[in-house]
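Take a look at this one; I'll ask things after.
Chain lettering (A, B and C) follows the sequence in which the chains are written, and residue indices restart at 1 in each chain.
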Amino acid sequence: MPPINFNDIEVLLPLIILVIWACLLLLVDLFIPKKHKWLTALLAAFGLALTLGFTLSQLGSESNGFCATGKPSICMVVLDGFSVLVNALLLLTGLLGVALAYGYLKRMGIERGEYYTLMLFSISGMMLMAQASDLIIVFLALELLSLPLYVLSAFARSNSDSQEAGLKYFLLGAFSSGFILYGIALVYGATGSTSLSQIFEIASVGTSSLLLTIGAALILVGLGFKVAAVPFHMWTPDVYQGAPTPVTAFMTAGAKIAGFAALLRVFGSAFPNLSEDITPILWALSAATMIVGNLLAIAQTNIKRMLAYSSIAHTGYILMAFVPYGNPEVAPVSIAAGLFYLFAYTITNFGAWGVVIALEQKESKGLQISDYAGLRRKYPVLAGAMTVFMFSLIGFPPTLGMVGKFYLFRAVLSGGYTGLAIIGVVTSLVSAFYYLRVVVNMYMFAGEPKTDNEFWLRFTIAGAALVTVVFSLVPQGLFAWASRAVLKLF
Amino acid sequence: MEFFLQPLTLVTFFPLLGVLLLFFLPSDKKNLLRWTAMGFTLGTLGISLWVLELFNAPNPHLQLVAKYDWITVAGWNIQYHMGVDGLSILLLLLTTFLTPISIFSTWTAVEERVKEFMIFFLMLEIGMVGVFLAQDLFLFYVFWEFTLIPMYFLIGIWGGPRRIYAAIKFFLYTMAGSGLMLLALLGPGIEGKTFSLPDLISSGGIPTNTQFWLFLAFTAAFAIKVPMWPLHSWLPDAHVEAPTAGSVILAGVLLKMGTYGFLRFNIPLFPQAAVDLAPWMALFATIGILYGAALAFAQSDVKKLVAYSSVSHLGFVILGLFALNPEGISGAILQMFNHGISTGALFLLVGMIYEQTHTREIKVYGGLWKITPVFGTVMLIVALSSMGLPGLNGFIGEFTILLGAFGSTAINNPWYAGLSALGIIMAAIYILTMFQNMFLGPEGSIVEELKKRGHVLRDLNRREIIIMIPMLIFIFWVGLYPKPFFDLIGPTVDNLVAALQTTTLALP
Amino acid sequence: MLLEYLAIAVLIVLATVVALIAIGLGGLFGPKKKTVNKSMPYESGMMPIGPGTRRMPVRYYLIGVLFILFDIEVVFFLPWAIVFRQLGWFGLIEMVVFVAILLVGYVYAWKKGALEWE
């Protein structure tokens, strides 16, 4: 009889709390009348905050959960500094997502309580991803995070773009899941295990096997789909444009964080020996993503589409951090840089999407970049915040984006990938061109933009702008946290 | 508290208080906004004079150092490290001096969105002062990039008809250079585990091969900013489209950031590469001098003329810097200051007449001397100073530079100096032609046209004279008695050159 | 090891070959007389009436999805019931969790009106 192990529950405690909360919220929401859906939003935010509290209480603790009987090294989930940091980041993403969504859903007439429930479920999948130490759990988490996202993409069901987004995302998401599953199968075939630590042990003893490499490459392809790396990015612009804007904001940050967490877990713990084969692939992926994302963004006139391409481009920057993953001297620094960049991107990105949400009108109006003309005159604070976000996305001081890029380039350079760093710098320059177009429109053209006064939206935007600037001046604490978080991984 | 009361911190961030205050002032009280901005820039000028008072000229090392750990984690060693020495003290004063003058010049020129204008101007001052004081590569980079943002808005919002094109061109050009610089400054930062400039210099030992590439990457950033031929094409656009105050600051200070960068980073940090590449730098500088002068001569737009003359004048500065001897470098530093004063004054004067006539075409002017004698006199003095008439400031700088370039063992080719001297003659030609066409001869068509519109061309008013007086004082002061200026620069430059001689092989 | 499967392989090959031969011979030698009746989807029996793609009430899909959802539940019950004794309390708690999650879904579907036929 397997004993009930309370340690296992402790490892997953925040996650369990979140799932229970989400289930209860689903039921409670049934009894909340349509007029009072703010209560659902509030409860969702409260649940996320509660989970965040529990997550932060795990800071510093490390342990494994759901281990094989008698074999404490083969476990299903893991709790370490990395997972705590990523989980905290994900919960922050969720809180921001709720704050952005509330007014928007009401304004667009698609206010339904399921939105928040689905979001909580998706976040729980993302959190599981960060804690997975077994390929099966990785897959399970992937599905748990993806399925609610498919539904959320099609959440504005009267809007055909949204339906298209949902269907497209579902089909391509299922396709990528297939890749990952096939990869997992091949890896299992090569090593006889799905446990990441076991795979590493077995792979490091024997000679390199082609089967294992192909399996790893397939997993990479699948995760590449999830994080929208070129050439697996085709779905991104349509889905990001079609999905309701708060969902897009949530996807660009949350799904990305989870995808990178999985990438790091799988490749960092199971396949460091394959780095000779995988690193050049990652190099090429990262370079292609930066180049293609930034170049295609130039041609966009719709801000959602532009930010979608910008999100692809940023995937490229973050991928840079993973290129030296097999080099134990450089990897901790570069992964920490990647984590910091993820944080910087999350904040900035949410802010920018917040402004997009503020200006969006019914029937997808107010989404052209030219609709931002004259924003400065009517809404100086909103325009100022958007300027901060745009400069942060370019990587200009004094913003988080600049500190993040500095950290990232430094790590990549110390790994000896000068070419990649140069590509990064040159593509940043290219990106300045299209981000500045928004600024030009806001400050240098005349126009009559309209927004509604929604407190939480404004609050989030202002907060994000403030954090973007202030944390760029005092990034010490975040740096320290990110470096500590990856310490035990290598 | 101690942190904020450091003189250098105070002089850098004092305008920030102004920015914060301006945010809360009503945007329709234009005069209140102007005086507030003016007050804070004058305050900054006052603090910079206090810095000058505290500055001990004979000491060649960094002074008034403010040094605090900023980001020291995970192999980072970034400090908030400010300091001033002979290389930067003049530029600091130039910045704090030109900013209130520029703001004063906008009194009637900027009527739209005054609040934002002033906010951006004060932000610009923070960035510029920070650039000249930062002694940490990272901190320098932050200030360096930061100056771009307000300048971009100044050109893009208050500029001429093609302002957006000019603003984006300015932004992208400069950013292209600084991106490479970012990578290059990470290089020594990674190897030396520190970003502190004095530490990096004293530890020396950047391999010659690396030095070469890092030198080139830094050069990319600085050469675009200066701008050196053939990277200058953003400058005429930016100058022509920028509002007067923006042009003054652009020519007066922002371009100096480029030459200052060479002086502060390229030469001491990569001495071997500097010595090896000095002939090439001199070559490009000489081409720039002649090319800029030739193009200036061909311009029909007076602002463009001044812009190209800047390319020519800054060629002298580069030539002087890479003479790598005390004469050349001191001359270059003084010439930076001079150029800031003379060209700044030229742009101010052009702006003053533009405000009345709304045209910059040289050919529509003529015979202004009779109508506006004071304006004509001031213009003549400034023009003569710009072309390097003995007794005025331009002469001192250019003469010292040529002296250095002739005797330079690093350039080792008197032809560059000889050809550059030709640039002075060419300057005389284009400046005097411009002056003749605008102020002498028969009355130009614009005078008639203004009359038709019921507007009589007026002479300088009291505010404009107040603006010009301090400029004129400096023009004569430096021209007649440059010793106090050289005394400020000299010891640091001697020290720099001595360090060059010990660390490099080629210099005897 | 593969040899053990040889018999199966032979069987598959033989079965395929025999079937192919039977169909092939029939096609080759059988008389072919096409009539209207013969080329109908259902050669013998009723005449097809109306279009082939009939519209169905969307409720059927909803019910179908719900049925699959709760039917699969039973699939999980069966193996659990077999090892119930070995699993003990652990198994019981696991199953309670499982059922609770399904119950949440059930209540949700009920409350949303998915079970009503109107």
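The criterion applied here is as follows: a residue touches a chain if its C-beta (ideal position, glycine included) is under 8 Å from a C-beta of that chain, and two chains touch if they have at least 3 such contacts.
In this text the structure is predicted, and so the values were computed from the model without any measurement.
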A-B or A-C - the one linked by more C-beta pairs in contact: A-B
Nearest-to-centre chain - CA centroid comparison: A
Chain B-chain C separation of Cα centroids, rounded to whole Å: 80
Between chain C and chain A, distance of the C-alpha-averaged centres to the nearest whole Å: 38
Distance between chain centroids, defined by C-alpha means - chain A, chain B (Å): 44
Touching residues (chain side chain A, partner chain B) in the complex: 333, 336, 376, 391, 396-398, 402, 406, 409-410, 413-414, 418, 421-422, 425-426, 428-429, 432-433, 436, 440, 443-444, 475-476, 479-480, 482-483
Interface residues, chain C side, partner chain A - complex: 86-90, 93, 100-101, 104, 107-108, 111-112
Chain B residues within the chain A interface of the complex: 70-76, 116, 138, 141-143, 145-146, 148-149, 152-153, 156-157, 163-164, 167-168, 171-172, 175-176, 179-180, 182-183, 186-187, 189-190
For the chain A and chain C complex, residues of the former touching the latter: 1-4, 23, 26-27, 30
